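Look at the two complexes coming up: chain A is in both, with chain B in one and chain C in the other.
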Partner chain A sequence: MVKEIERAGLPVVHICTIVPISLTVGANRIVPAVAIPYPLGNPTLSKEDEKKLRRGIVEKALKALQTEVTGQTVFEK
Partner chain B sequence: MRLELGKVLIKDMQFGNQTKVENGTLFINKEEMLNAISGDDRIKGIELDIAKPGEETRIMPVKDVIEPRVKVEGPGSIFPGVLGKADVVGSGKTNVLKGAAVVTTGKIVAFQEGIIDMSGIGADYTPFSKTCNLVVVCTPTDKLQQHEHEQAVRFIGLKAANYLGEAARNVVPDEVKVYETLPFAESLKQYPNLPRVAYVYMLQTQGLMHDTYVYGVDAKKIVPTIIYPTEVMDGAILSGNCVSACDKNPTFSHCNNPVIEDLYERHGKDYNFVGVIITNENVTLMDKERSSNWTAKLAEFLSLDAVIISEEGFGNPDTDLMMNCKKISDKGIKTVLITDEYAGRDGASQSLADADRSADAVVTGGNANEVIELPAMKKVIGYLEPADIIAGGFDGSLRPDGSILAELQVITGATSEIGFNKMSATTL
Partner chain C sequence: MIKIVHYINQFFAGIGGEEKADFKPEVREGIVGPGLALKTAFGNEAEIVATIICGDSYFNENLEAAAKEILEMVKKYSPDLFIAGPAFNAGRYGVACGTICKEVQDKLGIPAVTGMYIENPGADIFKKDVYILSTANAATGMRQAVPAMAKLALKLANKEAIGTPYEEGYIQRGIRKNIFREERGSKRAVNMLVAKLKNESFETEYPMPDFDRVTPNKAILDIKKTKIALVTSGGIVPKHNPDRVESSSASKYGKYDISGVMDLTEETYETAHGGYDPVYANLDADRVLPVDVLRDMEKEGLIGELHRYFYATVGNGTSVANSKKYAAEIAQELIKDGVQAVILTST
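Let's turn to the complex of A and B:
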């Protein structure tokens, strides 16, 4: 899906737990997620901390979307 | 560490007045057995049944398959740290009822449970159609949570196997096979000129009832470590898995791991089989990185020339497989991988979710997406209804006449990634 949408001319950020698979598949902008059963959250955190975590991932993804890349890039920070 | 495995060959299984082995028949006192395995108040009923090779019987949904064994001499007991103390097992003498198995079934726990047909085409695809099966049907109490249900059934299955295993304690085995692995420094001296080979044994540990236990420890909480191969034969590793039926390792398969068996077969001839590295398949990237770093570190520490790596399950564990392969290869150590494939019903899609250039020697256990038609059976032990919802089934899998159309995924042990079946492929 990532590749087909990019082929149509739209930039895509792939939020994904297992970054190596995303790299193998060919995503260009990759934001690491938390864990396979809960990619965008963490049930072990308090509600407040989990919200902070979630917002952080979404903001990172939005920033990645606006960042020019020249090759496959993993946005760690 | 040296283990004598005594095989008591079982050709038939019947209920009788006394639990005993006589002329290759395992007689089971049903009432005594029920007493031995009952007592968990999370389970409101247990029924026992027998399914033999060639019968028109379907067992489903299958949770685990366990081989009855008993520790005759040496420390510990079968399934250490779970049913007995956490003594180190794998030495002395163990007797096994070869040809018998315990199969657990009952109301479905989770959607990834399997089918065993005792005859017909389905029987060809599972190794457990060739064993005389004591089937344990557990009915949970109402509203029992899934993980509690899984745990209760797992323990009842293990207890059932150990109960039957006791029948082998005082029987003179039909065959005895000896397995021995020396302490590392001694094994290097024993065969200094043979390539040093170890087995990297990946255990399914994705959590949410995709779990494997080592001496009772949930393997997602271990860092990779070294284990003597014979420990595995005494039940040091067991399955708590509700993962796709075709490529999870039932406890039976762990105890009979063909990779270990074959490495022993060639030990001292072609290889110096120095031991087993166990590792896990966890759900965060850091866990995957850490564990694969450690398998590579241990492979280097053991000065290995080559490893065989087996996967359990599919999907994201394909990445664990590739990370192990890449990092061990980077140390200059040769690798051979064993996996299976999810290549689509026509076999034309990419087989694994991940790939790496270093994975240049790969053995497959078959394509789990292949569609198969299982004829109706005269007798069903368990329930047919889950056919539509177990992994590999789909809406309409179960037909009104009792036949099932589904992917091979539904058959217990069909595409075993430790080679505990007979499917594979060669490149022409």
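Let's turn to the complex of A and C:
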């Protein structure tokens, strides 16, 4: 899906837990996530801390969208 | 007799489904689950001495640690052969099988075989490194997969010559081998051309590799003026799944209006995805689709606007062809609606 959206001309960032899958599929901007059932969360944290964690990942995703890349790039944790 | 260690996931071990996908590696003496069918296929030639079980999520979330732990377990039995799966179209299971087979081969020098459906992401990642028997996309193909895997595995253990992917049924590894043919190349090429002109079937001797890569689009210059859309393969839908997006092999995607929605709550949204434990996403779907955070950022002026609709499908066993089709349609709509960038989340 990421690839087709990119192909259509929209810059897209893929937030995902299993980075090797995203790489093999062909995403260009990749932001690693937390865990499979909660990529942008962590139920062991308090609501506030969890939202902070989520915001951190989204901020990284926005930064990835603002970064020129020439090929597949993983924006590390 | 050839000694085998077999790797399977929590599901095939009968431990549980997605709620047990965080199950840590455990070794059991002898046969568990699909090992029984393998045993029948091996007859008296080989014996499964141990079965290693690991939850799919645990493995994929801890790739290096899990592989290391399992490698130690394998080592203890010093087997002649290692078999993983088959994983069919289960993505995390496929990645686990591929990873551990490669580790066992590279680090312990023990031949390894696994089985997967051609669209399993694990197949694409590991086909060059590991013999992956091509299987059906669901466990209903177990009966065909097992004898073929056993046959290939025994050949490897006995150091017999391995035939072509076509003969042995494994997924092409990208290896080229020189062979002698009866007819010379020019004649074969002309025959092929004639067949093509007559609309007859012919088989190319050199299939072109499929490098389907898309060039990255230009970066966003002014994020504060950018309209951003959310798309997910994690199956987030309004409560009770009004479009009935299927929990696996989704035949559709949903488009949902979130104007005025500041936060996805337990009462309003849920996941339709059947390929991960839904408990956490059902309690708070922002954990998969970060609407709450993007609303905050929209208010704070850090992004231009969050697009009025989000799009969701279930990326569980959904075919590549369908995923492509859905995303192409979604992208056209997004462009029409003036969206300039997309955040796509996957579980």
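FYI, the second predicted complex is superposed on the first by the 76 of 77 C-alpha atoms of A that agree within 3 Å, B and C clash if a C-alpha of one lies under 4 Å from a C-alpha of the other, contacts with A are read in each partner's own complex, and residues count from 1 in each chain.
Operating definition for what follows: contacts are C-beta pairs under 8 Å (C-beta built on N, C-alpha and C of every residue); 3 or more make two chains touch, one makes a residue touch a chain.
None of the values given here were measured: they were computed from a predicted structure.
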More residues of chain A are touched by which partner: chain B or chain C?
-> C
After lining up the shared chain so the two structures overlap, which partner does A:17 touch, if you call chain B first and chain C second: first, second, both or neither?
-> both
Can A:51 be said to touch chain B (first), chain C (second), both, or neither?
-> second
Touching A:36, do we find chain B (first), chain C (second), both, or neither?
-> both
Across the two complexes, find the residues of chain A that touch chain B and also touch chain C.
-> 17-18, 20-21, 24, 35-37
Residue positions on chain A within touch of chain C in the complex are 1-18, 20-22, 24-26, 28-29, 33, 35-41, 43, 50-51, 54-55, 57-58, 61-62, 65-71, 73
Counting only contacts in the complex, chain C reaches chain A at residues 18, 21, 57, 60-61, 63, 91-92, 95, 121, 124-125, 212-221, 223, 226, 231, 233-234, 276-281, 283-284, 286-290, 292-294, 296-297, 302-303, 313, 315, 323-324, 326-328, 330-332, 334-335, 339-347
As the complex stands, chain B meets chain A at residues 206-208, 283-285, 288, 316, 318-319, 322-323, 353-355
For the chain A and chain B complex, residues of the former touching the latter = 17-21, 24, 32, 34-37
